[in-house]
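The two complexes that follow have chain A in common; it is paired with chain B in the first and with chain C in the second.
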Partner chain A sequence: MSTVTLTIDGRRVTVPEGTSLLHAAEEIGVEVPHYCYHPALSAPAQCRLCLVDVEGAPKPMPSCVTQAQDGQVVRTDEGLAREMRKGVLEFYLINHPLDCPICDQSGECKLQDYVHSEGRAHGRGVEPKRVFGRDDFGGDVLFYGDRCVMCTRCVRFMEEMAQDPVLTVVERGDRAVIDTFFEQGLKDSPWSGNIVDICPVGALVSKDFLHKARAWDLDHTPSVCPNCSQGCNIDIHTRDNVVHRLKPRENPEVNGHWMCDYGRGQYEWMNRSDRLEEPFVRGEGGWSAPGWDGALASLRERLEGCRGPVHAVASAHASNEDLGALRELAERLGGGDIVYRSPRAPDEVPMPGFPVLTRRRDLAPNTRGAELLGLRRVGSDDATGGLDEAAAATGALIVLGDELADQPEDFGSRAELFVYLGAHPAQAARSAHFVLPVTTFAEQEGTFTNVQTRVQRFEPALRAAGDAQPAWQVLGSLTASLAGEPVPASAAEAFGRLAAGVPEFEGLGYDRLGVHGAPANRPAAVAGER
Partner chain B sequence: MAYPYVHEREVRVISRNFGDPAARTLDGYRERDGYRGLERALEIGPAAVIDEVKASGLRGRGGAGFPTGLKWSFMPKAAVKPHYLLCNADESEPGTFKDRELIRWDPHQLIEGCLIAAYAMGSRHAYIYLRGEFFEASQVIARAVEEAYEGGFAGEDILGSGTHIDVTVHVGAGAYICGEETGLMNSLEGRRGEPRVKPPFPAAVGVYSMPTTINNVETLAAVPHIVRYGGEWYRQWGTDKSPGTKLFCVSGHVEKPGNYELPLGFPMMELIEDVCGGVAEGRALKSVIPGGSSVPLMDVEDCRECTLCYEGVEAAGSMLGCASVIVMDDRTNIVREVRRMVQFYAHESCGQCTPCREGTSWMTQVLRRIEAGRGAESDLDTLLDMSAQMTGTTICVLSDSAAAPVVSSIEKFRDEYLALIHGGATAEVA
Partner chain C sequence: MAISVKVIRRPEAARSSYLRAALKGMSLTFRHMVNPRKVTRSYPEEPTELHPRWRGTHRMEVHADGRPKCVACGLCPTVCPANCIRLVGGEDDQGNRYPIVYEIDEFRCIFCGMCQEVCPVEAIHVGQHFENAEYTRERFVYDLDRLMEQEHPVTALWDPSDPASE
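Here is the complex of A and B:
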């Protein structure tokens, strides 16, 4: 590939031919302010904020669409470029309501950022401002017309990515405003939440998140969306140990800059307060709560006497580490059948402009991981039924993560030993001998294997409920004590142990997985679908 | 004589049939030697036609004055993709009313010009994009196109030459910005009339993403004559840098406003005093806008020695533009006039680019406040600052156009602003 070398702000940079000045500047760590430009969308060059001064050019050039040329001398940080930006920013504020104190975008607003860093200290506008008011765009999207900077990212997203052009610009001049076609607006769009993400200001906001939290109070934890097997990279935004929203985190291999509304909307369960908070043991005299040491000691005793095929019911919402620890324990106890149930949608929903991203049929994040570990899927597409064998088990029965909502209260009552590991109390766990509280994925570190057989890490966004522990830790310590081996000290170690036993994971480790994951050792074909 | 006013010093080439309804029909046009230019074009071939137009030195009459022959030569020679000719008949610059008259009185002259231009550039399709408000003109040109097809001048096998050129009339919906060439292309394609980022230029990627040339009505109207009589013939009028004749749309405070076809280089004061019968009611001249509302204002001093050609008006500090001469007498409130013009641009801004969308409307508000006697001297600095931020910073030149009269009026008529600022709205400004 041929390259060009140019000078930006006095520093030389070499980039491939055809690179825009904006990207060339990025190469040397210079961010040229911009609104209308978005790396995944077409560039209309209309916000005029990214104008830079190119030596020899008759006027300032929009850096988003101007290609870098050999020998070019570009200034982004002083003189004409800075003056132009200052001017454009003043124009933006002429009709902007400056209602930052009641605006959800405040704190993560590009208008706020740019004006603070290089706008005028005092505005000169004294005229009355134009008022558009608020409009319900349908779905989860609310439009505050007065805050809009007319970058048209939202219009272009709906056209180019969702390929469902329900947004447009109506009127012209400073009466121009974004609007929906017809009354239904975004109601039926599966992707509308993304326009809230890419809106650089507070014009498009989420109804669900409206006035819930200030941006600066939120903690962002890198994670993976648990709502289908696509495994979109996300950030979980929390405040005071409560999840407030999910936001996509860029990963070009999986979800680009986007995520679907289905995945984005399902986070309230992470905040459920009906939690198992300490281990319970059922003995002659009924239930007792002896604490982890007591519970695990008596469970270990029971397991030592327990030989023969184990029946286990797991969940595709559990991490690779959790499932691996369950498998290891089952093997230790003489092997047996591990099954899981998971919900499946009737269809897939691909994003037309970026079909790598698809809301998958499998609505659990780790079905691929469960498959790789030899788990068997049972039950129907609504994640019910299929547990007749387990229910009739007479030996050891271990349930991990499945709430057994469709099962009768006497589920597992014939089992010699019934261990239930879950985050929430379950009616069907009444016959259990041990009820052990485990953390949800949002409270622990771990990995999921997505539909592309890509292994991706997630980090804990919430504190564990009560004494709940990650399942890999509970199960791992049982196996370790049965085998007289050291207990795994971290999720990374649990994964390492797993990788040693599963060829697909061989050679992978947390360091290599990094923030964007890595493909497992097999063709990344989309398997297990349809 | 008839057509509102004519003057003996006029050189009527493209306006020769103004006021003559019989020339509107195909027969009438033929009787007046119509379509002879097309016949000659078909004889000499496309390359020779372009050479003839180059030799004439004809410059685009839409306002920018770009040499027409040179523009035509930018079109790719190999016909790998379809080529298009667009005729810009979206005449909407305040003060301009020449294209409407060219279409109303002499539609076949325009069609002939379109056919010759399309033929020269290997285009099989010419579109005439008409301003939405031109109802009568649209009827006249539509009828004339029909006649041209019936007479074998347009469509398949033109005059037995095997050349195929279709002509389509498209009526816009009434937006100034659709007269900007790429805005026009978007509008023709059925999109919002928003100018496109250049590059790519229309000769490479134009309407329907194909190589396109776009010419003003008046430019194309001159082409049949140039091809028929030759480029040298056309150069007998005008100056070296501005050859030929040009329609001057004179409006405002003159005794005889109207369209006058004069050789380029005609002295401005003679146009006002002699051709147009002087400033109305014998009043004194205050200011002239020589090229439509988007060019800088001139004061009396500027007008005195000004000759009406591209280089002459530029030397006087303004631009010839589309030669729409707006004459203002000594009673004119300049601030009010400028506000009215800027208000027009605020209304017509497409709204894409921030400096234009916000700036034109902000300028209007500030000017309105000054007009109402509530301005401050610092407002003038703000206006000049804004003007600088609106010049050369946007996709098209609409915001530059809005800024030009503001800057020139503050420069030349600052006293009038100050009178309103210090004396209130009732101050005597004239």
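Here is the complex of A and C:
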């Protein structure tokens, strides 16, 4: 590929031919302010904010569509370019309400950032501002017309990505405003939440998040969406140990810049307060809470006494590490059958403009990981039934993460040893001899294997409830003490152990997975669904 | 070792009398009684005058219809160096952003006045007030109603005729 070399702000940069000036500037760490340009959408060059001074050009050039030329001299941050931007920003503020104190975008608003860094310190406008009020676009989206900067990113997203053109610009000049067709709204588009993400200002905001928290108060934790097997990369936004929203994190291989409304909306369960907080042991005299050391010591004693095939019920919401630790323990105890149940949607929902991103049928994040580890899916598409064998088990029975909501209260009552590991109390775990609290995925480090057989890491966003521990730690320390081996000290170590025993994960490690994950080995052998 | 005795001579009566010192003290007292420049106040009958920039316990300004002026923008809990403001925002039935919970822990507060300075809608103020005695510690966490009930004058953090102190 041929390259061109140009000078931006006095620094030479070499980029492939056809690169825009905006991207060339990005290469050397110069961010040219822009609104209408978005890397995943077409560039209409209408916001006029990315104008840069190109030597020899008759007037400032929009850097998002101007291709870099050999020997070009570009100035982005002085003289004409700066003067132009200051003027353009002043135009934006003619009708912008400056209601930052009550605007949800405040703190992550591009207009706020740009005006603060290079706009005029004081406005000169004396005329009254135009007022539109707010409009309910349907779904989770609320539109504040006054704040809009007419970048039309939302219009182009609905046209090009969702391919469901329900938004348009109506009227012209200073009366121009984004609107839906008559009263039809966003027609419950499954992707509408993305227009809130790409809106550079507070014109499109989420109803669910409205007034809930200030952007600067939120902690962002890189994670993976747990709501279907696509495994979109997300950031979990938390404040005071409460999840407030999920936002997509860019990963060109999995979800681009986007995520679906279904995944975005399902986060309240991470904030559930009915949690198991300490290990319980059922003995002759009823339940007792001997603490982790006591519970694990007596569980180990019981496990030593019961060798033979175990029945295990796992969950596709558990991480690879958790499932691997469960498998290792089952093997240690003499092998057995590990099953899982997971809900399935009737159909897939692909994003027309970026079909790699699809809301998959499997509504659990780690079904592919469970398959790779040799787990067997049972039950129906609403994750019920299928546990008759486990319920009637007479040997050891281990349940990890499945809340057994449809099971009778005497579930597992015939088992010689019934261990329930879960985050939430379960009615059907009454017959359990050990009830051990484990963390949810949002409270622990780990990996999920998505539908593309891509192994992706997530980090803990919340503090664990009470004394809950990650399941890989509980199961790993049991296996280790039975085998007389050292206990895995971290999730990375637990994954290392798993990778040693599963050929698909061989050679992968946390450092190699990085922030965007990496495909597991031999994806062709299991990629039936793609 | 022989015992030695130290003999102390008493001063003569004219010098040892306390009368002289007593009279000297009384004269000072009586002189102050008639001093026109006296500074002693008979508090609490006579209230203390506070400086216009005195920063005391807070007060929330209210609209004419009784709603708090606060729009729950979150700037005061952000700027507060003592982390004494707790704020939960929400939307009222007229679609206005307002504080569902607004609490100031006056024990944690260091009365720097930054909350008043940062407030974009001139809602929260520190006040010219210092008489805050309570029977319990809990009463020092002022909630929104309590802050709106306060009636003392608010602090002037700057001169309105010269806000930039030029």
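One rule holds in what follows: the second predicted complex is superposed on the first by the 522 of 530 C-alpha atoms of A that agree within 3 Å, B and C clash if a C-alpha of one lies under 4 Å from a C-alpha of the other, contacts with A are read in each partner's own complex, and residues count from 1 in each chain.
Simple rule for what comes next: contacts are C-beta pairs under 8 Å (C-beta built on N, C-alpha and C of every residue); 3 or more make two chains touch, one makes a residue touch a chain.
Bear in mind that the values here come from a model prediction, so they are computed numbers and not experimental data.
For the composite obtained by overlaying on chain A, chain B and chain C can both be accommodated side by side without a clash. More chain A residues lie in contact with B than with the other chain of the pair chain B and chain C. Of the two partner chains, chain B is the only one touched by A:Arg175; chain C is not.
Angle at the C-alpha centre of chain A formed with the centres of chain B and chain C, after superposition on chain A: 90°, rounded to the nearest 10. By the touch criterion defined above, A:Ile102 lies against chain C but remains apart from chain B after alignment on the C-alpha atoms of chain A. In the superposition on chain A, A:Pro58 contacts chain B only, with no contact to chain C. Once chain A of one complex is fitted onto chain A of the other, the partner contacts of A:Pro44 are limited to chain B, with no touch recorded for chain C. In the superposition on chain A, A:Gly285 contacts neither chain B nor chain C. Look at A:Arg214: by the touch rule set out above, it reaches chain C but stays clear of chain B. Touch criterion not met for A:Pro346: it reaches neither chain B nor chain C. Figure legend note: chain B and chain C, brought together by superposition on chain A, show a least Cα distance of 23 Å. Within chain A, not a single residue is touched by chain B in the first complex and by chain C in the second.
Considering their complex, residues 44-49, 51, 58-60, 62, 65, 84, 87-88, 90-92, 94-95, 124-125, 127, 130, 149-150, 169, 171-176 of chain A touch chain B.
Those residues of chain A that touch chain C in the complex are listed here as 100-102, 106, 134, 210-212, 214, 216-217.
Residues of chain B that touch chain A in their complex: 175, 177, 192, 197, 346-355, 357-362, 365-366, 369, 382, 385-386, 388-389, 392-395. Those residues of chain C lying in contact with chain A across their complex are 71-75, 78, 89-91, 95-97, 120-121.
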